[in-house]
Every structure is written in structure tokens, then in C-alpha cells.
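Note that the chains take the letters A, B and C in the order they are written out, and that residue 1 is the start of every chain.
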Amino acid sequence: MSEICEVIVDGEIHEAKEGSLLIDLLIEEGVKIPYFCYHESLGADGNCRMCMVGIKGEKRPQIACDTLIKKDMEVFSNTDVIKKVRTDILELELLNHPVDCPICDQAGECSLQDFYMDYGLHESKVEIEDKVKNSKHVDLGSSVVLDQERCVLCARCTRFTTEITHTNELGIVGRGDSAKVTTMPGRELSNPYAMNVVDLCPVGALTSKDFRFSQRVWLLETHNSICHGCAKGCNIYIDHNKLKYKDDVIYRFRPRKNLEVNGHFICDEGRLSYKDVQENRQEFSTFNHIEVEQDIAISKFKNFLEQHHKNIHILIDANLYTEEIEAILEFAKSIKAEVFSPLEVYTDEGFADDMLKCSNRASNYKTIENLNISTENPNNSELIINFNHPQNFESLMQIDFCTHKSDTNSLVFAIAAFTENEGSLTNVDGITQQTQKAVKKNNPQPSIIEWLTRIDL
Amino acid sequence: MKECKIVSRKFSIEGSHTLEVAKHHNAYRSLEKRGEFTPTQMIKIIKDANLRGKGGGGASAGEKWELMPQDGDKPSFLAVNCDESEPGTFKDRQIITYDPHLLIEGIILTCYAIKSKHAYIYIRGEYKEYQDILQNAIDEAYEDGLLESCDITIHRGAGAYICGEKSALLESMEGKRGHPRLKPKQKEPEWFFGNPTLVNNVETIATVPFIIQNGSDAYREYGTHCSPGTLLFGMSGHVNKPGVYESEFGVSMLEYIEHFGGGVKNGKKLKAVIPGGVSCGVLTARECKDLTLDYEAMRTAGSSLGTGGMIIMDEDTDMVAVLKNILEFYHEESCGQCTPCREGTGWSDKILQKIVNKRGTKKDLEKLFELADVMNGKTICVFAPSVSSVLISFITKFRDEFERAVS
Amino acid sequence: MSFTFNQDDLNKIKELKTRYPSPDALCLPCLWMAQTKEGYISIDAIDAISEQIGLAPMQIYGVVTFYTMFHLQKPDRLQVDVCKTLSCKLCGSDEILKHLKSKDVYVNHVECLGSCGTAPMMQIKDKNYENLTNEKVDAILEELL
């Protein structure tokens, strides 16, 4: 069944695995195909009926999400018949839809809008008062808000809570055109992955309370990155925007598909961690909490180094990029310092589950392991140079490189957060992944590597 | 008209629902024949008899039985469809009320043929009265040791037309919402919790004892070549003697209505007949002339035989109101899974309401045709295609009435 | 008010479990047990069923709302199900419905109940009353109310 065979789509020859889903091939090859209910992570449900294609030898149009590829299959996706079928069904999808795009957060990334531009463009034939009325802005819990009128009943969200998280909070109640998605009366959507339903929802029925009304999506700039919430290394998109006269701000993290790592999803904690990244930042170098010029800070740094020749201990945050860790190791060698990345602070057994969440909450701890860096606590330190490690240890003198505000009296260098920098991380399974530099601050902080170059011993 | 009582033989016998009376009238005699045949041979007899599913589809029962594995490692099941929800249909309830032991006898034989140890009878929730009679009969059969080879469990539905669709029926039995399943890519049995399962209508199963006892040729003596045997045809609506009367296939529809139903009520003229439950396209009185009651003739006439439950309408019937009534039914009963059906039935119903309220326009009629088109052949099950054919048949055949209603 | 299955119910559930390949199949049977006991299906009953058969409460709740015979609210009056589908309509169910509106009962319009040959009809507490006339309705209700 798994032999590669040739399939003709609209006259063009494509290769695909025999027995695989036709819709996967069409999506992969960029053939225009509308669909709501199908999702790679959830499989075919066949309810929306939008992905109809013509297949040679079949009397009627078939749904591509439930069609298995056969040798020499001939598929037609853009004949007049197929276009009409899609237009007709889309009209029904939109029948009871409130068409409130101007106030809908999904606008700009809405399948319904996209398909309307492709296949619809028809006038509404139903009077507003004849539309089926349903509940709006229902707070489902877990920061997810439901608008039942915008829902196309594709059942992606309910299948997610049934088949993926097995938490079963969401379901469809009623039947016919009064069917709707909901939770049990008085119960909430509550699981650590709940907000994925917002991404799964192809329309504006499920939106994120966290993101609602904060930005129009077409204003956002998107970069690829890796979540720093734990060692899993879930792939994410960073959606950010720099408004005129304002700073570059992250508005949301979204999961980015990577079947080897996180599949299609991320946990809610990771998703919302963008806030911590940009809040309470260290924005300039300080000494005893007082801002100091860069040159002064660097000369102080050198001064401290000269005062201490033994028991210089370097702490490395296991969330730093591999390139940064390597640069720090070089630097440590040059000043004959011992290097530590105490592990205990990152261990959080309560966080772990069998889906994505990992008890080790450091995104690059594998690299610490690979580079044989000690994960013990430093002892008898005279001088500690802490590269953003969250823990502090006793020492005579301390120098900190921090992304976030520190309460030590030490010399502090402000550094770029992972979103403002780029590099590689190796996840818990040993998979090495790259991030992109996403955010460009008005007042950018140097990366650790830049600091080490500037300090230039 | 030839008397043919294959399934309804004991219907008019007092107390026929009890084991004692039923046995007195030769119930369970076909079980003696069971030992003469292997399961495969029994399936062949059913296939040779060309017993066609009597729940509305009319597919070959024998071919369906053949799909059941004879030597699988999973248990096989029989699910008897007693959801009888097609408006105009009330025949299965006659069997379970007046001759439940015939059904049990049929179940025992069928289970033997498909090597099943357990049969379920999925009965619509509204039939509680009849369910109790059937349960009594099953209890009697257990007590009498008749059910040593297979168990029978009644599974009560709870009000959903779509659960008469075989895969929705099984979904319902699996404790879920009754959504029809995506159709398999090749011929295969139905599945109940992943186990091969045969779904057959009550009347189909109740026909099995006759065929096994008398042979396939005896069954084929009735009816036509392609539609052999009999069916519990029924009549309701504007007819003098509504009810269920068994007849062989191939008899003249009008003669049947005259003979058993005593003609149209109040001496009025016939206007139209919906031949086999509302899901079959409507036929005008003219089309009914010379029409015979069999699958092929009905197909040729552009409708279908369905369950054989005819709804008879006299000359004064308002066809717009009738169509509205039918669409209300579909609107209420659509399971809501597929978009064309979920939205199409609701919208059609609303448009018809508008027309009934004298607010309709010609455009609305056109829209109904468009909806009929989008509901045809684009959904998981045949619910929406039925709505489609009903819409088209009514509006085309009674065009003038509809046009008057929108002018 | 919390819902519990009594020992008889539990025995019945135990027996039914032996009759199906999966306890999921007990969803409708258990819902019927609950509705027969209380006249409706409470959220507590759904939780109790969930505990017995393992289906999640939301799945059961979705099932309850799919089938028209299950009620989530306790009925406050006698419920009369009147068939309004075609055969009954042709035989005068509109009249019966109109007549029933004047009575102190909860009139529930339902789709075909399979009494087409004995139309018009109504169903009260699982019992069919067929070939109805207004006078017959009066007599039946007098007895029941």
C-alpha cells in the first residue's frame, strides 16, 4: 500500500504514497482546496464537505479528506462543476454566520474569509432576522472565548479535547442547524493545552482572551522560534509588531508544526510565556542598581577580574543558545574560571506530562549535558559571573548578565532576550533547532556574544 | 388480489404474541431445518430467494450476509433495525406486537447463518409499548430454552430519525450521538465496537423463517423476478381503511389501494401518493395509473418503493402545505453533521414557511431547486439526497400550485 | 440534589455490561434508567452514569441533547406528545393540537411516531392514543389529570 505512485491533478503529474490521503497531497502541493473540518492532527471527519474534488471514474464529486490515493488516479480541482459545488456549500456555511469580520479577531487569518474570496463573493440571501441566533462571547475558561454564531461546526475543537487531550470538555449539543459547540453547563474548558483550540478553529468562533482586540493580524510580523518554557523545544511562531512611535512588542506565541518535536501544538503556559519575556526587563547596565555607561561597566568588569584570580565561577543559564554557551566556555578558559549550570532550579516534576511538557524547564539543558558542564552548585566562590542563570550563590563579588531585572547589588549587564537574538538549541530528545531573531527593540540590548566581544580581554 | 401471508400469517390470531399461541400455530418450526444446512448454505438460500432488505433500501440481504466473516477471530453481531421512523411507515410495529416470536425465530436463524452469538434489537424510543410486548416474548423464549444459541438484547433509542440509518444506529448503540459514519471504500460489514455486524430490518429478519422452512423457490413464487416475495405494504392519509396489509410485489398500486384500503376517503379523487415513506418522491394520480408496487417499477417512475408505506392524498390536498410539513420533519431530524444537510434542510424549511405565509417569491422557488441540488450527493448519508428528491418531485409535479403560492 | 443509582439499578447495569462488547453501549440504557427514575436527566445523573460506564460527562451530555426524548428539565405538567407529521396532519392533527392548547398540559409537537394508520395520535407516558377526536382527547385527559 505504501508504494509511491503517480497521480494526475488538474493535468499535472504528482507523486504520492498509494493509500495516503488525497487532501494531504493537495495541501502539500499547494493545490487550492478549501476545507474546515480536516486537520492533519485530527484526521478526516468529513463533515464540512468543502474539499470536494472530481475524480475520474466517479459519478459524483468526492471529498478529498476521505479519498485514498490510488495509482493513476486523475483528480480535478478546478472544473466548473467543482467550483460550483464549493460555492454552493460555502454559501450554506455562511448562511447563519453573522458576517461580523470588522470586529472579529480571526479576520485576516480566517478560512471562511479566504474561501469566500475564492469561491463565494455572493450576496447574502437571508434576512438578518432569519438567521439562527446563538450565544456570543461565551467564556469557556482557559482564556478561550466562544462565539457560537461564527462556528461552522467542523468539530476540530471537540475532537481535540476528545482525541488529543482526552479531557472531553467540549462537545456538540443539539442537532441540525441548532447544533452548537459548548461545555457542560457550569463547567469549563480546562486543560494545559486548551488554547490550541483557538489555532485549530478555522473561523472566529474560538478566540483567545489574551489576544482578543489587541492587534489586527495583518499588522503582525511573524518569525520562527523555539519555546523556552521547557526542554521539549516546541516550535513556535513569534507574532510581533512595532507600532509607530512605540517599541517592538510580542502579541502572541503560536505553535509551529514540527512532527518530530511538538506536532501541531504547544502548551498554554509556553504560549503565554511571551509576556514574561518582555516584562520587567533589564534595560541598561547597572552597578548597585544605578545605571552606568557601557564603558564604565566594562572597565569595572575588568577591574573585578583583576582583583580575583582564584575561585572564579561562571554560571550559565541552560536556556542560552548553544553558540552563547560555547562563547562563554571560551571566555571561561581564558580567565581560568570554572563553569556551572546548576540543574536543580530547572527541575519541576509537577509541570511534566506525557504529551509535550517536560520536567526539565530549560530549553538547552541538553547542550549543557553534551558539553559536560557541571550541573552542581558552585562552592567557595570568590567571583561569580552569572550569565542569566536564575539562581544566585554566595560569593565575594558578583557580575550578572541579565535579560530581566536583578535585585543583586552587583554589576549588571543587560542582555538581549532569546526573542531578540538567534541561535540553536538542543532539546530533550537531542534534536537541534534554530531560532530566528524576531524582535527589534528601539533600545536593543547586546547579546552575550556581543558583550564578550566588547569586553575583549 | 392474491392472499399472501408470509410475515403477517399470525397477525389476526388472538394472543399470537404469546409463545403458547404462536407455537400452536407452528412458530419456531423452521428451527428444525437449521440442522440441515451449514451457515454458508443458509446464506445461499437467502441469496437465492433474492430476499431484499425491507427497511427501505431493498438491497440483497444475502449479499449483505455474505460480507460477514465465517471464521473471524472477532465476535460477529446482528443488529435488528426496529427504528421505524420513516413517516408513513408502521409495519415493524405490527410484527413485534402481533408476532414477536416470528422475529425471534428469524433472529435465531440469522445468527446461525452469520455465526453470531448475540443479536440486538434497536427499537425506537417511542415504541415502548411494543417494546414491552417484544421483551415479554424474548423472556418467554429464554425460558423455553430457545435462545441457547444466541442472546437477544433490546436496545432502546430515544428519538432520532437518523438512527434508522445503519451506521448511525450502530453509533447510537455505541453510546454516541447518532451520526452516520463515512462510507467504507470497499464492501464490508458494518462494525459495532470494531466487530463485524449485520444490520437488517425487522421485517427482513421476520421473512427468514418462511424462506428457510419452504425454500427459496417458495418465496420466489410471490412477487416479480427482480422483486420477489412480499412486503408489509401500508396505507395512511386519505384512505378509507388505513393499515398494513401484506402483499406480493408487483401488484397494481391503485388496485392495492382499492382492495385493501377501500379507496380514497369520502369518495374523493386521488391526487397523489408518496409511495414508501416521505423520503420517496411524490407521484401524481396519473403517474400511479398502471404503476406496480415493486422496486423496479418505482425506480422507472422516478420515485422509490422505500418501506412500502404509502401516504395517500385526495384532490383537496394543499401540496405546498404538505411539502412544508415534510421539510419541517427533515429540518427537525437532520443530525447536523454535514453542512449541506444541516443548513440546507433548515433553509428550505424557512423558505417554505415564507411561501406558506404568502411572502414567497419566484426566486424562492428557484432557491429551493438550488438547495435541492446542493443537498444531492454531497453528504455522508442519503438523508439530504432524499430531501433533495422530495423537493424536486413536489415542486416539479405540482408546479402550478407552487407558482400560485408565490404570486 | 444528587443522583444515585440504587442497588437494583447497579445490578441491572452490571448485567447489561455482560451483554455488550464495551460499557460505552450502556449510555442510552443508563440514561433511560435515570429519566425513568426522576422524570428528567440531571447533570448529577450524567456524572453518575459517567462513573458507571466511563464515557466523559460531556460525551453523555452531547448524547442527551441529540435525542428528543431525553429532557434536561423536570417537566412541570403532564407531557403530551402529539405527532404533527404528514399522515397525522392529513388526518386532522392540527385540530387536535389546537384543542390540546386549551388544556393544562405541556403539548410537545413531535415527528412521526409510527401511528400513521391510526392517525391522528398522541403519546402520553409511553402509551399511544390513536384515532383521536377532540372528544376522545377530553376523555383521555380527564382520566389522566
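FYI, a contact is a pair of C-beta atoms (placed from the backbone, for glycine too) under 8 Å apart; a residue touches a chain by one contact, two chains touch by 3 or more.
Only a predicted model underlies this, so the values are computations on that prediction, with no experimental measurement involved.
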Overall pattern in which the protein chains touch one another (line/ring/star/complete/other): complete
Chain whose Cα centroid lies at the greatest distance from that of chain C: A
Which two chains share the largest set of C-beta contact pairs: B-C
Rounded Å distance between chain A and chain B, as computed from the means of their C-alpha atoms: 52
Rounded Å distance between chain A and chain C, as computed from the means of their C-alpha atoms: 48
Length of the line joining the C-alpha centres of chain B and chain C, rounded to whole Å: 23
Chain B residues counted as touching two or more neighbouring chains: 160, 177, 332-333, 335
In chain C, residues with contacts to at least two other chains: 59, 62, 66
Set of chain A residues in contact with two or more other chains: 172, 174-175
Contacting residues of chain C [partner chain A, same complex]: 43, 46, 56-59, 61-62, 65-66
Residues of chain A defined as touching chain C within the complex: 161-162, 167-175, 183-187
Residues of chain C that touch chain B when the two form their complex: 16, 19-22, 24-29, 31-32, 53, 55, 59-60, 62-63, 66-70, 81, 84-87, 89-91, 110-119, 123, 126-128
Chain A - residues contacting chain B, complex: 44, 46-50, 52, 60-61, 66, 68, 85, 88-89, 91-93, 95-96, 125-126, 130, 132, 152-153, 172, 174-179
In the complex with chain C, residue positions of chain B that touch it: 75, 77, 84-90, 93, 118, 124-129, 151, 153, 155-161, 172-178, 192-195, 234-238, 242-244, 274, 278, 309, 311, 313, 317, 321-322, 325-326, 328-329, 332-333, 335
